[in-house]
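Each of the next two complexes has chain A plus one more chain, namely chain B in the first and chain C in the second.
Moving on, here comes the complex of A and B:
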């Protein structure tokens, strides 16, 4: 339990209970609920990856769809063209995304681009990718890259071909791993340095923190983690379109969870994913049952949630909730 | 220990510091005084690595440090505080100090140990779990000092830490610096307007005027120096 050192006992009990519920959930869930569960875990995972960069190190990325997309395309293309297992492909995904993150980070931090200008730079790179991939014929450009689909009698974990249940557990594993990693990082020297940079770069530097190095590590780590979500995404949905996967709305969508849950907190991205995806899907289902058909209901709901949180819970849902549960140390 | 050799710095043609030179031997408490705009903070920032000098050289423990980054200067053994305090507002008092503690201690437990010691010493032990944003100004100034001390500096640069403190608070913090200097041989360079603190602390004073060092000596010598009296202290000063 060294990895979770410092989590209060009540927190550990709650975490364990949540984990048990999530682990047995697929046994009882319908296909639809399982898909919702997968989405929640997907957003919980990428939210945590984004949170390392923004929540911990204070570097706002509005272009994380870049890493989802590059990660997805790299592994999918290697599978389609060479039959390489995604477990091998993800090496390429991580490498490309880490490189992309390093290039963006280098340009920004070397030349003093920060704050909103840094955010704009991240958008620019995601947009480059979106337009570039539209013309990238090796991965079929704008007509989309499709993975071969068949009815799989058995789960083939090596090639990530199989049932939604397998993907659900995969995403659950990633989410748990990201949580444990985030927790360990936050208690380490690096975590302290990130928070210091977030709070005051000048003061951090005066205390011996190499700003360039630690900001770079945050960006590259966040990019590499996000690429894994891209790989799972590609093999789960089996189709990739540059217009969709690199679209800025995807970047925004994945940061709403951490914002609503609580930027910079460990549980925030996870709580946020549950609230947003769970409630949005619930709402959609409700509308369906009532026979009301309103397009764009999800977007309106997201907007409303964001508005309420900004007004009433500017630090997100988790900090006040943690206080109620007496989980804040 | 620290040798500043005819450094100059201009901002858009304005010469903030011109060929300033001084030396600080190990273990001494030194003050740099002078009227507003004399170039004190600019010199300070050049030593701390915020600006590189246009010309001249700064060396510390025999190593040239002019033009290094602030984090490299800190790692070399020079700690600093900010005139306008810059606490990590969202972090607890202890976590603030631990950021400094991590410079010489890789482990979280080690950084925590040094930081708790320093907080006790500066009388902030009871407030360790409060968010830094909730501290009063005197406590924030103390936190600045605690963070800088956690990096285990050999030379401590203090940028107006007494400003805004009440006389009793000022005396308290003066006592802390004296003790650090006596017990651990910490060398200190302070920029200060509060003459009460300067006279109580400094063994050696340099006076800056229009970017130049116009006088240097012991406090007793400085208060008798005609040039200093004219430009800064005023004729009527009694210490």
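Moving on, here comes the complex of A and C:
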């Protein structure tokens, strides 16, 4: 159990407790709460995937909706057109997204595009895909791709047609896997290379770290992981519109979690997803209770909360929290 | 409008993600002035630019200055939060419906050879050129303009010679915001406004500024022209709705081969 070495016991206990709570949660939860739970796990998972690129290797991507979208479309189109199971389709999703990530990474790192410029390059590619898919008639273009709606009474795991509860557990599995993978990566030689690149690319290069190769690995890995979230998204919501899935606000939405939670930390994306989704839904509920029905009020509060967090907790919520719980090493 | 973004980034080195949202704010102010006082958008331009200047100044002084030395993602979050608040306050105040204004010359047009051009667009373009020229002159010839350029060139150097960098930054952000304000007022003469058009314009401004060269004012003008022509040609030659693809394609090419932009200086 090399993976567990050096992890404080309190951390393990808390983690196990959280896992148990998440595992039994659907038994008690209503349909609404289950949907909220799914969203939280979804954001925790994509956040974790994005964190590999930004938090570990220090490459700021603002275009991750590209990978969600391409992943979702690849698997959904294969299912709709050929009846291929998403478990086969996700192979295509991963391949396409890894390729997209590789192309973007190759172009960016070969031509020395970095920092803000890299972030804008990723936006450009995502926007390019959005408009491209709008005119891609094989997947119905801007009128949207619809999956045949499932019969919720029966869980068909092979074709991913089933109840929200099934999707919840699927997402939970993915989130746990992503967490363990990130943990293992951070402990690996590559993880240390990434941190070195993040802190100082010049110094890392001087010590003989192959910058290009390790940045590429981070981008491709992050893209491939994100594509899986896209596949689940497609089969959970059963409809895909380029206008929605590739939109820049999606990219921003999915990176807020890890930033709020704490970039580069393992628990950050999860904490961030809990806080943000919880906050959004809580505000919705509060508005409902107060009978305020003006659109936009919720988002203003949401924006204010974000503002307060970035001003007062520049490293995110997790680092100070970890200190309090004495989980930092 | 891209000019404003370029000014802000070129000097303060903060990417203003709330740019489009600030512009819609200006558009709504134009709308209010027009409906309440019958003020022509091109006249309203002046008080609105002033109002946005104050907003930008306070924003930079109060919120953004403490973030100058923070990492990019932190600044980015801050501006996203500001953008979110701006959009939704507008949504609450003005509602989600598209609103436009009708000026006396809304339906006028000029005929230049075989081309027919809307009068509103011609006036707006002329006003844009005047604002650009004024800004250019300010940075080139006044002492304050020189001081701001000094901050942009060398932050520490400017500190050493005793410039109040924070105040100058606030001033610059105010100026950038004023440009956006002017742009919003002009745009209001041409198109309708809804609270949600902001992000699209933020993006467009990015494309233009980066193509032309971040921090270069001539670059912003050239980029605007280039992107405009690219989109128009793409729209004519292919499907109109795919026109933005060509703009983004151009952006990618520029980023790869000349990341500092067509007229940009090499990053220090």
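Following the convention adopted for this analysis, the second predicted complex is superposed on the first by the 320 of 329 C-alpha atoms of A that agree within 3 Å, B and C clash if a C-alpha of one lies under 4 Å from a C-alpha of the other, contacts with A are read in each partner's own complex, and residues count from 1 in each chain.
As a convention for this text, a contact is a pair of C-beta atoms (placed from the backbone, for glycine too) under 8 Å apart; a residue touches a chain by one contact, two chains touch by 3 or more.
Values in this document were obtained by computation on a predicted structure and should not be read as measured data.
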Based on the superposed arrangement, let me know which partner A:206 touches: chain B (first), chain C (second), both, or neither?
-> first
First (chain B), second (chain C), both or neither touched by A:195 | first
In the superposed arrangement, which partner chain does A:259 touch: chain B (first), chain C (second), both, or neither?
-> second
A:187 contacts which: chain B (first), chain C (second), both, neither?
-> first
Please work out whether A:117 is in contact with chain B alone, chain C alone, both, or neither, and reply first, second, both or neither.
-> second
Using the superposition described at the top, determine whether chain B or chain C touches more residues of chain A.
-> C
Identify the partner contact of A:131: answer first if only chain B is touched, second if only chain C is, both if each is, neither if none is.
-> second
Name, in rising order, each residue of chain B that touches chain A in their complex.
-> 48, 69-71, 74-75, 80, 82, 86-91, 95, 98-100, 102-103, 106-108, 111, 147-148, 150-151
For the chain C and chain A complex, residues of the former touching the latter | 15, 63, 66-67, 70, 72-74, 76-78, 80-85, 87-92, 96, 195, 199, 203, 206-207, 210, 239, 241-242, 244-245, 248-249, 251-252, 255-257, 259
Along chain A, where are the residues that touch chain B in the complex?
-> 187-189, 192-193, 195-196, 198-200, 202-211, 264
In the complex formed with chain C, which residues of chain A make contact?
-> 54, 60, 62, 107-108, 111-113, 115-117, 119-121, 123-125, 127-128, 131-132, 134-135, 142, 248-249, 252, 256, 259-260, 263, 294-300, 302-304, 306-307, 310-311, 314
